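What follows is subunit A paired twice: with subunit B in the first complex and subunit C in the second.
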Partner chain A sequence: MTTPTKTKAAPLAELKGDLAVLKEKFGDAVQPAEYEGVVIANDVLVEAARFIRDELGYRYLSSVTAVDYIQEGYFEVVYHAYRLEGGGPLVFKARTPRDVATVPSLVSVWPGADFQEREAWDLMGIRFAGHPNLKRILLWEGFHGHPLRKDWKEPYYEEEHKPFSSRWPSGHHVRAEDRVFWHDNVQYPLDWDPDQVEDTSDELLYIGMGQFARAETGELVEPKSLRTERLVVNMGPQHPSTHGVFRMVVTLDGETIVRLEPVMGYLHRNHEKIGERNMYLQNMPYTDRLDYICSMSNNLGYAIAVEKLLGIKPPERAEYLRVIMAEFTRIVNHLWAIGFLLNDLGAFFTPALYAIEERELILDLFEEASGSRMMCNYMRFGGVAHDVSDDWIARAKELVYNRLPRAIEELDRYLTHNELIKARCQGVGVLPPDLAVAYSTAGPVLRASGVPYDVRRAEPYSIYDRFDFDVAVRYNGDVYDRYLIRIDEMWQSLRILRQALDQIPKGEIQAGKKQYMIRVPAGQAYGRVENPKGELGFYIVSDGSPNPYRYHIRAPSFINLTALNEMCKGHKVADVVVILGSIDIVLGEVDR
Partner chain B sequence: MDELRDLNTMPVPSELSNNVFVTTIDRFVSYIYNWGRKRSVWPMMFGLACCAIEMICAAASRFDIARFGSELMRPSPRQADLMIVSGTVTKKMVPQIVRLYNQMPEPKYVISMGACATGGGPFKEGYNVVSGIDKFIPVDVYVPGCPPRPEALLQGLLKLYEKIERQSVRAVPWYQRGESEAIPVPILGPDLIDPRRLPEIRARLAELRARQGASTETSS
Partner chain C sequence: MIYGLGILKGLGVTLKHFIYSYIEDVRYLFEGGRYQPRHLPARQGPRARGVFTVQYPKEKLPLPENFRYIPFLVYDTQENKIKCTSCGICAKVCPPQCIWIVRGTDPQTGRPRPEPEAFYIDATICMSCGFCAEFCPFDAIKMDHDYELSAYERYESLLFDLPRLLKPDTYHAQIHPSDWARELAEKEAEKAKKKEKAAAQPSA
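On to the complex of A and B.
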């Protein structure tokens, strides 16, 4: 077996600021880590996390992920926490030997760690002691192995890293099926008995729900005059209102929801495993397919993360182009989200048709700039792939100054004060601000709950610090506010677009030469952007080779779903559909 | 059918030969029958991944699939004629897809939309990705692209019309005697299990075990 080379730098010599405070408080249990942050000993981890949250004020846990340092023989769990007032992260880490693979769970401190820890268990095989519900989340119970471990190989495994030398061995292509032992994309463990085939993954799920339902009996929301029975109902994965292949298992008491469990992974496409075999640039088109409505801004997030490691900055014109594309994408996404929210409310397809009509116009611009309507693959490290013409700018201006304001105005006029919409949305799916923060929700969901946190302001990237715009915020945290905030954000995006389109300078669009295979200096970086759906983060560990050693995506749709149970409890089934629509998920990003 | 067959072989009386369009009955019936149904193929409202977004765009005002009579997307498989497999087929999802396919009434058709549904696409090497839906259900039309543009999907639909046009009432499987067989639903075990391939899997597993017995080297 070839193990990847892993060159680790020496730990940071000196801790500064809050890290030093942490060190002072916990003494030897806190050690400086390489590159950034500290390593906290497992026995004080929960206590330290509480300290970080309450005393140091890092109330928002953005990302939890794990890295398999196979050569050093341990797993490292990496946490990024932020202050709501803005500023950089506090990075802390926990380590566990590979054969032990257990760290304490932080769900009791940050409930938002729930799904992320389950993901780390599922894909990396790290147990989180004290986690209330440590089940697989993307794969199914019974799957053999934990795929993101560096020594786990997929059925079509060829080599550790691309480019594969075997691509065209003798001048012709070999199908992967013909190359592998099982003649298909499957593999079975040796000790498995094929005569015992039974799919029990769902049974486990239902048993779990039953137990929980009983334990929670006291918590019923509605006064009962009728004797009702509990019922477990499945919605999805094939359901017209789940926005793709998403599944919810709900326990009902009569028609009232007692508990809801999201089941996902039906579109788990293994971005991270593939991404760690790919070269850096090869991942760019894959990011398009994460949140496939917003390919441009996904590109931006990834480019920014890698540029952090490379230490380069794109030229002015490229920065402007990036902002223009990202803000157009926000409008596209919010139009789509509002159209389909209305769909979920029962206004079947008509509002969506109006939304899609405007979206098509923006897609035309994208297509002209990048060559593709949806999968733009437009950003590069240190720039963008293609320049745009003056004519393009003129047409973009026409859209931004004339057409789009009219369209948003129209949506606003017909929908915002509509009686039916108010009746169905106001007071439904309320998420109070403290819970919104605790559950690590991001983007419109967080801001509609009264927390004005926007990465563009809190930790400005690209050239967002130059533009004049407001962070939209609404205070009720219900479905209606989550609808309104999208309208607000579209107006703000138009403001940014006007400034950017007026100011864009002429010049280069790429720093340095265009490169196919870049070498990234060893290091770790967490790059994040304010995507239309929330904070999109890329955690990248580089070992100095042309391929990322670890490539993790902090997907806003995925983490926003952690709060879904909380929002749905006590509502009716019909409301679930609307609440889900108001979170605005896209399955490519939820499941990755 | 027997009467039809008799009619088929009957000569056309000479006094009518100028008034009657001579064709065989089954061709004539097939023509009417296919003409009627080909322009109202109802797809199932069923999206898997990114390609589904382009499918929705095909249904929206700019591309307007209604021009071809297919705008009625049915959320229930029981009312659908066409399954557009629009996106990446994962191992976790494929049992559901096969079940949905089995639930569709005949005649039913499948369009495989995009690189993923056709052969795994950009994600083929992924451990949770099925290398093409045609490993499990029969596909009538493949539409290439990642994602295919809405126009490409519409062309796929037109290709399907051509196929429907050529079907003969007499030969189509759903008017034959007996019931058509359902496709066995795949099972999620340690990996995806296709029940039809179980004997093969058993044999290969035995082979592997024997190999492992011979050498101490582990392989999976």
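On to the complex of A and C.
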């Protein structure tokens, strides 16, 4: 059994600022929580959320996640809300006993909570009362149990935490597949028979889309009352436009989309459960595999979250290297995104390959610095893994001053004024600013809708406060603007890179001694960075042991998909492909 | 504005790329052809124009020293021994836990002996993160540059055991010149320190 957790400290003594206002308004229903934030009683949660959004001005709900405090016997749902003007979060929490496992849904206040609550239901088994569509999202209906619960064990379960004791000193190799998987290392109820398991995801989905009803015999039939000419079409999971295994179920009225529901999880591996078995450092290479186009900035986000708990800061040179890598990553990602958006439009591969050519040159730099082109694993807590040579800096400068501006300019000349692109993109997939905020979209999707919100400015991390750059913003919120904003952002990244490459000092690249088994003080931290695809957040709960107690990722591609239905409604089915391309998702991050 | 001007301008860019590839071909013609190994850095460098492909497997991109792929164990050819002391740090730090080590024991005394009896790396699981090499205190495990590992089956051929993992330190020196130089310098410094100590002792 698990040892008693040390995740709990005494609650905060007094509440300050907005939390105090909240307490004043709701009285005893608002109690201070441990480490940060307040716990709000379930019966006033929705009302309090509305108050937080409208009166206190925290309009942007960044993250919703849940923690299983098994020793204390309850689940805690943690919300992070932000002001669009910038500044820190307002953290509030809701609690529910493990056997009740129900909290009110906040979808009515923030529609952006939709997928995140479904994820918490799927993986943690918390019901959200009032949620309009509470189905599993990453796993399939019929999956047994909720894997992020602390008492759930995976089929090849070996030990609670790494390092596994079987590896050393008498490590005789055993293949995971050879361990019989319904041996005593899996917990399953006695009445559960794997042959009887039924996947009902699709039926639920189609019933939800109003296409079928269940007859008394249990069969799916066309609903009698509803004779329509509507058609349900599955796009994906194997569809070239989805850039991976991703499925969209669309209800069509003729060619027009009435409703669209994304179906995901084909690449799900429960990154978070793996992360909770791992030691802190071991998660670093796993973060590479989230959004595998942007491994450098994923590393940065995770390092920042853990450094918050550790209370350390990397030396100057490392900070500069981090910014340089993160901004190069942004250029890489946007080149990729634009190239493949054009693919989706039917300009098959010529623009994509021109863009990838430039990306190659940046990846060469990554490879030299970190040892790998894509799975960089470059950041460490309190520093970076390797230093770069002067020659590296010179080559980076050559790219930043010479090659990339030309390439971006050329891409701009090549595509921006193309009438076909304009015809296909302008006015398509429009997301108005208030909806963009309500749906918790982030990154280029949010900023193309006229909301100048960028974590690098709103809550600067690393050394971004030193650089001179503008937050790119566009106002139409259509596919075309989401394309333009990526060009704008590349120009801004080049600006940052010029400053960083010119100013980078000599010196250390690692604070303190590099350790493989760090102990992180007990606490909770939410670290977020402006990833190329949007706000990437890591929520980490530490109980003081070498492994994170809870490790959650706010994945921007996943949450941006919440607004996909809204963007696609009323458009033609051919536009879905383009709209999806303009959100720029990576399935490694969506499915986790 | 005339409709279609944007498309024409865009096609101009394609045309430019197209023409460049021929200009470069002609230029390289006077230098022995595009696919000479000595042209590779320029063809793949920040000033490259025209065709940007590498004719793999006929040509291969040069690998930077830091490049990492599945690790190997260093065999010390000077002292004729395996450098690994079976301390187990790499097995602990390995994120997917794909290293298995049987610590050596002295057959006479039964006490641990600083050499592994067996050492496995399951290459099907290894994520080439490089942590093992980074945290090994004895410079005994290093990341390889050999990335052509395809095999016809994935059980026996991709489970690397001790004989498969061992490579001479000369190979290590060849692919990691600056790392090797650092190791040598550290060794020298250690020797000098020992000498100093030895010299200091009798006088004390």
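We take it that the second predicted complex is superposed on the first by the 545 of 592 C-alpha atoms of A that agree within 3 Å, B and C clash if a C-alpha of one lies under 4 Å from a C-alpha of the other, contacts with A are read in each partner's own complex, and residues count from 1 in each chain.
Keep in mind that, in the parts below, a contact is a pair of C-beta atoms (placed from the backbone, for glycine too) under 8 Å apart; a residue touches a chain by one contact, two chains touch by 3 or more.
All figures in this text were calculated on a predicted structure; none of them were measured in a lab.
When the two complexes are overlaid on their common chain A, residue A:Pro285 makes contact with subunit B and with subunit C alike.
Using the contact criterion defined above for the overlaid structures, shared-chain residue A:Arg403 touches subunit C, although it does not reach subunit B.
Of the two partner chains placed by superposition, subunit B and subunit C are both touched by A:Glu357. Residue contacts after overlaying the shared chain place A:Gly588 against subunit B, while subunit C stays out of touching range.
In the superposition on chain A, A:Pro155 contacts subunit B only, with no contact to subunit C. Judged by the touch definition given at the top, the superposed model places A:Met375 against both subunit B and subunit C. Of the two partner chains placed around the shared chain by superposition, subunit C is the only one that A:Tyr516 touches, whereas subunit B remains out of contact. Of the two partner chains placed around the shared chain by superposition, subunit B is the only one that A:Arg269 touches, whereas subunit C remains out of contact.
In the superposed pair of complexes, A:Tyr475 makes contact with neither subunit B nor subunit C.
Comparing which residues of subunit A touch subunit B with which touch subunit C, the overlap comprises 285-286, 357, 360, 375.
Against subunit A, in their complex, subunit C makes its touches with residues 3-7, 9-10, 13-14, 17, 44-47, 52, 64, 66-68, 86, 88-89, 91-95, 97, 99-103, 112, 118, 120, 122, 127-131, 134-135, 143, 155, 159. Contact residues of subunit B toward subunit A in the complex are 45-50, 52-54, 56-57, 60-62, 75, 87-88, 90-93, 95-96, 100, 120, 122-131, 135, 146-147, 149, 187-195, 197-198, 201-202, 204-205, 208-209, 212, 218, 220. Against subunit C, in their complex, subunit A makes its touches with residues 162-164, 166-173, 175, 278-279, 281-286, 350, 354, 357, 360-361, 364, 367-372, 375, 377, 385-386, 395, 398-399, 402-403, 410, 413-422, 514, 516-517. Of all residues in subunit A, only 138-140, 142-144, 147, 153-156, 158, 176-177, 181-182, 184-190, 192, 194-195, 197-199, 201, 237-240, 244-245, 265-270, 273-274, 277, 285-286, 289, 292-293, 352-353, 356-357, 360, 373-375, 587-588 touch subunit B in the complex they form.
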